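After the structure tokens below, expect a handful of questions from me.
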Amino acid sequence: MQTHDAKRVEITIEAVMQSRLTEALKSAGVTGFTILPVFGGSGRSGEWSRSGQVSRASGMVQVICIIRPERLDALLEAAFAVVDRHIGVVSVTNCQVLRAERF
Amino acid sequence: MQTHDAKRVEITIEAVMQSRLTEALKSAGVTGFTILPVFGGSGRSGEWSRSGQVSRASGMVQVICIIRPERLDALLEAAFAVVDRHIGVVSVTNCQVLRAERF
Amino acid sequence: MQTHDAKRVEITIEAVMQSRLTEALKSAGVTGFTILPVFGGSGRSGEWSRSGQVSRASGMVQVICIIRPERLDALLEAAFAVVDRHIGVVSVTNCQVLRAERF
Amino acid sequence: MDQILSLTADNLLSPVILSFALGLAASLARSDLSIPEAIAKGMSIYLLFAIGFKGGVSVASHGIDATLGLSLLTGVLLSALLPLVAFFLLQVLTDLDRLNAGAVAAHYGSISIVTYVAGTSVLESQGLIYEGYMVAVAAAMEAPAILSALWLISRGGGDRKMDSDLWREIILNGSIVLLVGSFAIGWATGEEGLAEISSFVVSPFKGVLCLFLLDMGIVAGRGLRSGSGLIKPGLLAFGVLMPVLGASAGLACALLLGLSTGGTVLMMVLGASASYIAVPAAMRVAVPEANPSIYLTLSLGVTFPFNLTLGLPIYVAVARTVTGG
Amino acid sequence: MDQILSLTADNLLSPVILSFALGLAASLARSDLSIPEAIAKGMSIYLLFAIGFKGGVSVASHGIDATLGLSLLTGVLLSALLPLVAFFLLQVLTDLDRLNAGAVAAHYGSISIVTYVAGTSVLESQGLIYEGYMVAVAAAMEAPAILSALWLISRGGGDRKMDSDLWREIILNGSIVLLVGSFAIGWATGEEGLAEISSFVVSPFKGVLCLFLLDMGIVAGRGLRSGSGLIKPGLLAFGVLMPVLGASAGLACALLLGLSTGGTVLMMVLGASASYIAVPAAMRVAVPEANPSIYLTLSLGVTFPFNLTLGLPIYVAVARTVTGG
Amino acid sequence: MDQILSLTADNLLSPVILSFALGLAASLARSDLSIPEAIAKGMSIYLLFAIGFKGGVSVASHGIDATLGLSLLTGVLLSALLPLVAFFLLQVLTDLDRLNAGAVAAHYGSISIVTYVAGTSVLESQGLIYEGYMVAVAAAMEAPAILSALWLISRGGGDRKMDSDLWREIILNGSIVLLVGSFAIGWATGEEGLAEISSFVVSPFKGVLCLFLLDMGIVAGRGLRSGSGLIKPGLLAFGVLMPVLGASAGLACALLLGLSTGGTVLMMVLGASASYIAVPAAMRVAVPEANPSIYLTLSLGVTFPFNLTLGLPIYVAVARTVTGG
């Protein structure tokens, strides 16, 4: 099938920062993203798990954006401005998509 | 370690279509897939979140299939037939797998 | 923005083996990972779903590690030792990360 | 009139309605108050189980009324015919295309079980009795509307194939199965069964309903915030007029069947209420081109609060007047 | 015989059993009725906490029976020895290999706390009293079966190394800790503690049990649908015979210990029931090559419904006859 | 002194405290006992709704005390000023930098609603009455501490910009909205509303509290296991001294306001308790450089158990002595 080059950006970020990140993405013209729940993890600030937690303070989500390659830089700038002072991981992968007109 | 080329297909699709998609994948000979819950997202049809929802109508899941490269086309045809009229995103990434005999 | 090459390793493994895997990863010097809940799936051992389940026996999680390319082999050895006798899928993708000093 | 006003005031001051208002207000003010999806689903399972079970027990105690069969049949017809009314009204009041109008119409033929529950709880506070089997009528009314709506849509061309999977999904929809199943369990175990589990299905019921309505208020508010642009005046008018028409049709049916005052109110409530669980899911499968924001916002954000606040007292007052109850 | 029949009829007509049947039927008919994982886990935590707590309170009120220690010991032995019986029976009746037979055997030595709870609720409806510490015996029987099964498997060669992590996971398994812990809390706080929380741990208990069994019916039905090909006649026979053997062994132990009629029934139930929470998880870690569909389907899809429907009335009737209670 | 000892013994032997201990022990022993996030959140929503509602009903029944407004104001001031005390104490006792000290200080100005609830349940078991509006004071004390802590931090340079989003998040935080909202609902519906839902908000309350504290024990234990390295002696001393100072400040305020004995205890509890839900989330947004392990472990792993076990009986005894109640 006909596929098109695109970038898959995966941003793992604190749950409290989710709405700030998605607002920043929208300001940068990114309107499509998918948010996955994260169950736990480990990093320089130690290990954590969502189980039994009531506060949103200790928890992360994963925001996945699939975008055209030429829009990557704008997205990364926007994401970085939010992630900068906060804990979080940003990774970019090359991918192929169906129905490129959607992105 | 010895790794092998494979394709990672990620299909974000409405929860109501999940079983139709997996049936279609199975008909196309794809037997291995993993389903991730999706917490929310945004697209041309607006922003949404699962929190507090009772109906399956507004919700998506992410189906991840790792397959041998030569089976990609059959998978995409099958997926596309289901996704076509529905909202959803299909992306394909090159990857490497251990234990290729499994795929 | 300045990005750096990295590897994104995605290990889908039984929930009962999660802590053994993360211990093995830590012994291999991997300290950063993110754990996603898995809702269901299908493989050679049939189809399953978490809905309504009480036992941890039937359930998987997805462990995602982003690491520097040179540390890939150590990670794969460690992961393989745990996954070996168990059901599970390991895939590796090339990616780009911001803030490489974190990995 | 006075009666309606005092009933409305009473109704608006119940913890149940105020909980909905709280959720709505929190959500419109963009508070992060939210209830986890699993808890919302758990509460809806509890409510369906309890309401079905109590309905069954009531049938077991009072025996089957001759009208049970007729009521079920009437419910099915009402559910199947109301979408035609709705569809027509939508074409008069709005500029929705055939697909969207059909999808909206399906919702209004079907029913909202929470509105039904809110209705029973008003009846109980008024000391009005009602036929226990009305919950079975509610279950019977969930699906027929979907079929007539799909028929309406397919008349406009384009194949809306009802594959067998979709049939099964509609008929064996979780909420229908749970409602009918727990009704059967209640019927089979009767008062004795109720005695065993009444401190689960009866005592905490209204409190759970409060929290469930809090959640519905939150979700409705979220929908209104993002979907308000879609709800033009014509659509808004439909969202208020249609329940009144549905209630009137329900009233007519109830009078023909000779239901009790309480039963009449419930038949009106079933006619007036619009689905927001089963039908939206079916529409996503069968009519994916229709915009879910329209039918969800209309059903949950307009008609549901209307029925809950103003509709219920009006239906009670009218039913009392007409049946002399 | 008549007594068994009437007991069975009574039992089958309880809301608890009918809820299981509803879940099973819904799932076999492929309805989408489902209960969120978090809610199912929440209910199981509630049930474990309530049953443990009430057991502890009962010990606090009636004092420690001289047989408490002996009963615990007997439970441990029963749990450790039943897998040998099961393993032997599996080799006679089925063609399972050593690994799968060992894994299945582990389940039948261990216990199912929900079957135990269903047993206590039959006892209560029959007005039979039982030793409160039986819940501690239940906790004590969870783990030993795992060890003997692993020993059985390792005799066939291949190292089944019980690393210390696995030991800890088995002994400090969440359900054991919660059961023992809430037993201790109930014991420590006694009737006074019960008065404080009885409208939480006592009143709604049976209703929660209904919903929990609804869920177990759904999960069992799902397992039967996908795993039915694996359950050959021999395995099916095992799934029904083994609980009868386990109950007989339990009966013998109870008579030796001189338990009350109710206690005798519960010891039979513990012998008869098969684990479906703790043991499967341990088997996935220690014997990953064994097929989980076999042991889960057998335990949850065959033995559990057998015990629930036919087993319980039989055990009650037998215990009454034998103990004269 | 005797009174304190016997109160402490009573308190330690309540199911609520023992449930916390069970969770803590299970978690420290690395059992896999855990409660799903959705269930924990569901319980916290239930507790907030019930406590707010009951507070509102109590105000509706006993009328507004002239001190209501003054108490709210005092609560706000207490919440705003305690962080200054905490900050100073941290600089004396520990070597935390300004950011971490400020973040910790914010927690101790704010309050822990579960500690408050545990306090009310001790009061009830002692037969002490208290002002129903204290729950509104609790709500009023959630946020001010955050502002003064951010001010403390910003004095050290670096712009801690309080953007409008953060303001809204703090003020319209889900737990504040739910507490205030259900307080208003209880107030509006009064005893009549309570009669409708008391078997939901009153009867099972203490049992739910047990399971919630079980969960808090598990989470606290997990925090202590991973964060124990961070809790140096100085910090530990702070975690025990600060609640005593906070309680003393609360006592002074209560005496000035002329609260009842029960109200005095609750004002002490509010002063003594440290937030672990709203404030941590605000700190992650506003002071991301501060280490959450420090403030979470201190608040949930040190101060919360201290207040629960030793603090409460002391506060009750002191308040009784001082107010002569």
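For clarity, chains are labelled A, B, C, D, E and F in written order, and residue numbers in each chain start from 1.
Note that in this section a contact is a pair of C-beta atoms (placed from the backbone, for glycine too) under 8 Å apart; a residue touches a chain by one contact, two chains touch by 3 or more.
Owing to the predicted nature of the structure, the values given are computational and were not obtained by experimental measurement.
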item: For subunit B and subunit E, chains touching each; value: C, D
item: Common touching chains of subunit F and subunit B; value: A, D
item: Most widely separated chain from subunit E, with each centre as the mean of CA atoms; value: A
item: Remotest chain, subunit D as reference, centres from CA atoms; value: C
item: For subunit A paired with subunit D, centre-to-centre distance based on mean C-alpha positions, whole Å; value: 38
item: Subunit C and subunit E, separation of their C-alpha mean positions in angstrom; value: 34
item: Where subunit D touches two or more other chains, by residue; value: 32, 34-39, 41-42, 199, 203-204
item: Multi-partner residues of subunit C (each touching 2 or more other chains); value: 36-37, 47, 49, 56, 93-94
item: Chain-to-chain touches, reported pairwise for every pair that qualifies; value: A-B, A-C, A-F, B-C, B-D, C-E, D-E, D-F, E-F
item: List of subunit E residues in touch with subunit D within their complex; value: 13-15, 18-19, 22, 25-26, 29-39, 42, 125, 199, 203-208, 210-211, 214
item: Interface residues, subunit C side, partner subunit A - complex; value: 1, 3, 6, 8, 22, 26, 31-37, 61, 66, 93-99, 102
item: Sites on subunit F touched by subunit A in the complex; value: 34-37, 40-41, 44, 165, 215, 218-219, 222, 226-227, 276-278, 280-281, 283-285, 288-289, 291-293, 296
item: Subunit B residues touching subunit D - in the complex, by the definition given at the top; value: 14, 16-17, 19-20, 45-47, 49-58, 85-87
item: Subunit A to subunit C touching residues, read off their complex; value: 10, 12, 36-44, 47, 49, 60, 62, 73, 76-77, 80, 83, 89-94
